[in-house]
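Next, two complexes with chain A in common: one pairs it with chain B, the other with chain C.
Right, the complex of A and B next:
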């Protein structure tokens, strides 16, 4: 196990370097510069700017400097938000995105697993068809459509919830709509995965054994079936995290929340290289570590898996 | 079409060489004998000694009557199973209607009312948002069934254009991902060994990458040159990131097929490796590929709409459902229909495509079916 973790961590580092190199390469190969988007500058001014940001040095020196800054975990200063360090922006915006993402995923997990399990237990019933149709709707309804529709209903018609902004932060009414919007698609996926996983497990021999030895139906489902039936859900968690990032970007845009995703889009539109690199590197590391955690969790849930 | 056969078993049964293979073994007869087959370690050349002896005669004798039946039945069967699935039929009908309407709709609107997706009215009083079915004086009118946007453009015409672009991005990016995925997966699966290890490890690495971030960087940095260039960039970017699963599926299929007799026969008669892969192996993987491709289209369309919603995808004067929704969201409180029409159309399309994909999976791959 320890061996496996160490091996995976060793593989993780080059992966992050590849992602960062690719991003850096794309930014550098693109036509234009961050300083001359609106007007052409006098040559003397341009020369000073290039010197100031180290652009006059050969590319490998710049690349080395960028990589070095990542290895020590200091991403430098934003080009657009003057005087603000990338680390500062990360520290400020990460909690917003993390709260959104984690609570949306937890909500999706609870609702999805319950709905999927019930649908599997009552296969081909009305409940089954209803929840699966709802799940398909959840998969098909883009969150930039769902979010505004929720705003239209709950904020602009019923006046129950605020339509946008972070406000006072987590335990407030402001986060309800963003979390609902973000979690809808995961709820749907998890419900479908749980249903098919449970259906498979409920036909397994060890469930028949559990029934045969006289356990109550509740014990059979809760103690035996759910554990096996949730394997697809656990393995979905890795990819889900990657999608969650796209999701948070959109939701943060819709509800004007000061999260990582919103900063990432702005950084791209402003060509704010240190900020882009910082966010990309940070999120890649997070995703890769998270995938590792999922693999470890896998081994704990399913005793047949050994690393 | 006769040769095509979708493998439904992961492990082919050696006792029953399937009909489609025989044709493959027969056709290249007459080509000069190839250099001897290099048998590598682990390759199963003959699955059983009975089959290796005297198989030629038996085949020609059986071929005539069996093949016709077996060749067509899979697709007919699948079609029958698909028609039994009400949700899939619903999906098929809705998708067909939406494709048809977005193709023939714009010319019809132009002929009847004169509106196109980018025609802004000349009269300055008309450059504002009207509700659906409303004439400028507030009375009922057929002129704008979905209302107008803030520039007075007909939303129906724009939704139809958005449909064209969204569907086009979905289809073309899926085709790009098919080409890359099939080539990559089939090559890795057929060559096997070290090559396969390396190629699949690359796929594993790419899987873990947050590719949407890289696509966003790519579009933000290289986009904005011209509307057409942006579309091409979208096709390539989205196609290039959705081939991974396709490659895995095709590889798995090819591995289960490559030790069958028809591949051996092709090798024995000197067919080149690329030809074996693309003429003999790839057609046999079509079933799962079609299923997965049908499910890739909605997911690519969803990604395109995310990007367009963020302002990085389709550019004006073109519009896609994502960019229309992003325009609509600006005026949500006052003109909700500007979001609702493109949004609901898109959701309906994705809904139908997903049902169709699920139905196709059940029909073509009964073994993959989850009860």
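Right, the complex of A and C next:
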């Protein structure tokens, strides 16, 4: 087991370096520069800029310099946002995205599991149909539609909640709508996953055994069924959390939040090379790590899996 | 598998827009407020919440070129002058007055004695000398540096060019030593002649410096002192530097060794002159800025520039703190714990991608007249989000161009809608180098086949434009009119250009549509305009020009490299309140027009205008030059922008001026509803007239 973890962690390093190299190459191939704008710059001014940021050096020197600093964990300075280090931007914006993501996921988990379990227990009842219909709606309604609808209702018609902005941050009224918007689709997925998982488990032999033992229905469900029924949810959690924590472009934009997603999309549009590379490297590390965690979790939950 | 919707921002905006229709549809049902949009409740504190746009690139006024940043800088930094909140003309700021010399090529600014930095240090003329030199320093690499190229030797310094010095005598080689008196008149008549040299960097310097030496009315050689009006006694004060800057222009050569060697090789006369001499890199100390004394700042230009004072309000010319920059470095001094400012407000907090908060600075020389306690600039990118915040009463004003066109039917009649013309235009540029657009008649025909009135009516936030300078913004400027909408004449022009059938009538089938394209950068409103043009040409000429949209940075490269065929979208925002900020785009061979068009005659007309001292006569000459350029039709003018923003009625002293630049100290919150603004406030008179 320990061997497995160490091996996976070692593999992570070259993977991230490959991702970084590919990203670097793609940025180089994209036309335009971080300094290009409506006004065309005189060649001399452009030359000054290229010299200041070391862009006049041969590509392998630039590449080597970048790799060298990445290996010691320094992603350099943003080109667009003068004086802001990429590490600083990550350190500042990650907590915003992470806290939104984690809260949204916890909310989704609680509501989803409860709704899914109830639906499975009362299969084909009104409760089942109702909650599954809602879940279907949640899956099909993208967050860039749901967000504005929530804003329209709660901010612009009822004037209960602010329509956007981070304000005093978490927890405050400002985060309610973003979290709701963000969690809706996960809630729906988890509800459906739980329901189908539970339905399968409830028909399993060991549940029949539990019932035959004369356990109360509550004990059967809480002690025996839910554990097994949640397996699909667990495997879903890893990647979902990785995505949620590293920022959600749409929600951060609609609600003007200072998270990682906003930086990511703007870094691309601005051709802000160090920032793009920093965020890409970070996201790939997160995804690799969360996948590893899921693999480890499997080993604990499913006795058939051994590393 | 993962429900993660990473969409392009434009798609997001489009969807949000669609939803906002829904929003406005629902909202129009409510009867609560018909006069204004959304909640009208003055904030409890004496604070303004102004959405200027997205996260600023930097808090260093010499770094960013953007307008959203410019507005934040106006709170934190002052310059020699400030923009009048209504007319945008320069009004006194740190300079309490200024005196130009008789040829408008030298300006003396008198710094007020009570001006202070936010740390209490006095502001002196030396601070301006430092700021101007820093902005032009090549290692600082400011994108806005070309704005200051009017200052003598500024361009040469910024381009790392060199002077030529005799190591024995210490004498510098002069321009006239090489270029010779016999050719001087010749050059003056045809300024392009010198521009044929390979390095644009050097030649432009030569061209502008030449203006100085040959302009005729230049008084520089009269005892080394320039001519000032008789009452400006201080301004004439002499100094060694003044003698130097007014001595005949030194020869400036390319700083790049290889390029310089090539140039010298190509010119035998030059080669002989520089033999045995050394090259000295031009330093910041060599450019035409001087602190005559602590409170007198003198700027010497290489040419007459009547609009120069108007430029001094620009963010690039605002004062930066030497103390903080030298201590913390060029990039770190703007961090909240390091920053020193000089504006009516100082930085309280800066949370990137969240908000910038500034508070009134008691150190400011005019603190007694600063009305607000605090301004919050939230960083918001999405237009719909801005509108939502405004409607919910979480923002008091949003920046220009932020009311989506789909909302206008509802917003336009409201009394908090700010609609006024801007010093900004939209047009399409034409690649005049590639056929069939290299034919002037074809270009004219395409222009005449567009009904610009219909376009303006449909866009709703714009005024139709047939010229290149925005209409009605420069009082007294006799703006020329471009060709009117005339499809019949357009067809005739195309027939004349050879696209005709046997009977001599225009035949659309003959026109090589496949050689022409209309490119624009991906954005919903650009697409709408492009489709409008396409429809007009289809309807009026029977030609279907293919459209091609591109991502912004890709588009910029495509356009500036003249890679496009046919038409490319263009937009221009004036840097100062003078027609020349627009006409400048076509000036000199290496111009910024992105069309490939250049005409020495146009340059000569501009030169003549800008060395004319009588303002009205100068305007007339500029208008003539504009008319000349319009006749060549390297562009298709479309419309003048409108400010198009919302401002709560209780926000007073903030005007939809031509640049949407607000001098924040005049802004205040009015709590008496009787005194609120209902409609666009009057902007005809300067704030100083109040």
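Definition applied: the second predicted complex is superposed on the first by the 296 of 307 C-alpha atoms of A that agree within 3 Å, B and C clash if a C-alpha of one lies under 4 Å from a C-alpha of the other, contacts with A are read in each partner's own complex, and residues count from 1 in each chain.
Everything that follows uses one rule, which is that contacts are C-beta pairs under 8 Å (C-beta built on N, C-alpha and C of every residue); 3 or more make two chains touch, one makes a residue touch a chain.
If you're wondering where the values come from, they're calculated on a predicted model, not measured in any experiment.
A.B. asks: When the two structures are laid over each other on chain A, do chain B and chain C clash or fit?
C.D. replies: Taken together on chain A, chain C would clash with chain B, as the superposition shows.
A.B. asks: Is A:136 contacted by the first partner chain B, the second partner chain C, both or neither?
C.D. replies: first
A.B. asks: Once the shared chain is lined up, is A:123 touching chain B (first), chain C (second), both, or neither of them?
C.D. replies: A:123: touches chain B, not chain C.
A.B. asks: Which partner reaches more residues of chain A, chain B or chain C?
C.D. replies: Higher number of touched chain A residues: C.
A.B. asks: According to the stated criteria, A:288 is in contact with first (chain B), second (chain C), both, or neither; which is it?
C.D. replies: Only chain B; A:288 stays clear of chain C.
A.B. asks: Touching A:19, do we find chain B (first), chain C (second), both, or neither?
C.D. replies: After superposing on A, A:19 lies in contact with chain B but is clear of chain C.
A.B. asks: Check the residue A:151 against both partner chains and state whether it touches chain B (first), chain C (second), both, or neither.
C.D. replies: In the superposition, A:151 touches chain B and chain C alike.
A.B. asks: Taking the superposition on A as described, I'd like to know which of chain B and chain C A:44 touches: first, second, both or neither.
C.D. replies: The answer is second: A:44 touches chain C but not chain B.
A.B. asks: A:205 in the overlay: touching chain B, chain C, both, or neither? Say first, second, both or neither.
C.D. replies: So A:205 meets neither chain B nor chain C here.
A.B. asks: Which of the two partners, first being chain B and second being chain C, lies in contact with A:27: first, second, both, or neither?
C.D. replies: It touches chain B, and chain C stays clear.
A.B. asks: Of the listed segments of chain B (165-173, 309-317 or 345-353), which one clashes with chain C in the superposed model?
C.D. replies: For chain B, the listed stretch overlapping chain C after superposition is 309-317.
A.B. asks: Where on chain A do chain B and chain C both make contact?
C.D. replies: 30-31, 139, 142, 144-145, 148-149, 151-152, 156, 243, 249-250, 253-254, 265, 269, 271
A.B. asks: With touch defined as at the start, can you tell me which chain A residues reach chain C in the complex?
C.D. replies: 30-33, 35-45, 48-49, 51-52, 77, 80-84, 89, 92-93, 139, 142-145, 148-149, 151-152, 155-157, 159, 162-166, 185-186, 189, 239-240, 243, 248-250, 253-259, 262-263, 265-266, 269, 271
A.B. asks: Sort out for me which residues of chain C touch chain A in the complex.
C.D. replies: Per the touch definition, chain C meets chain A at residues 2-7, 9, 12, 15-16, 19-20, 22-23, 26-27, 30, 38-39, 54-55, 57-58, 60, 63, 65, 138-143, 145-146, 158-160, 200-201, 331-332, 334-335, 351-355, 378-382, 384-385, 388-389, 391-392, 394, 552-554, 556-558, 560, 571-573, 590, 592, 594.
A.B. asks: Considering the complex alone, what residue numbers of chain B touch chain A?
C.D. replies: 205, 208-214, 216-218, 220-222, 298, 302-303, 305-306, 309-312, 322, 325-326, 328-329, 332-333, 336, 339-340, 343-344, 346-348, 350-351, 354-355, 370-371
A.B. asks: Within their complex, state which residues of chain A touch chain B.
C.D. replies: Counting only chain A, the residues touching chain B are 15, 18-19, 22-23, 26-27, 29-31, 123, 136-137, 139-142, 144-145, 148-149, 151-152, 156, 196, 199-200, 238, 242-243, 245-246, 249-250, 253-254, 264-265, 268-269, 271, 276, 279-280, 283-284, 287-288, 291.
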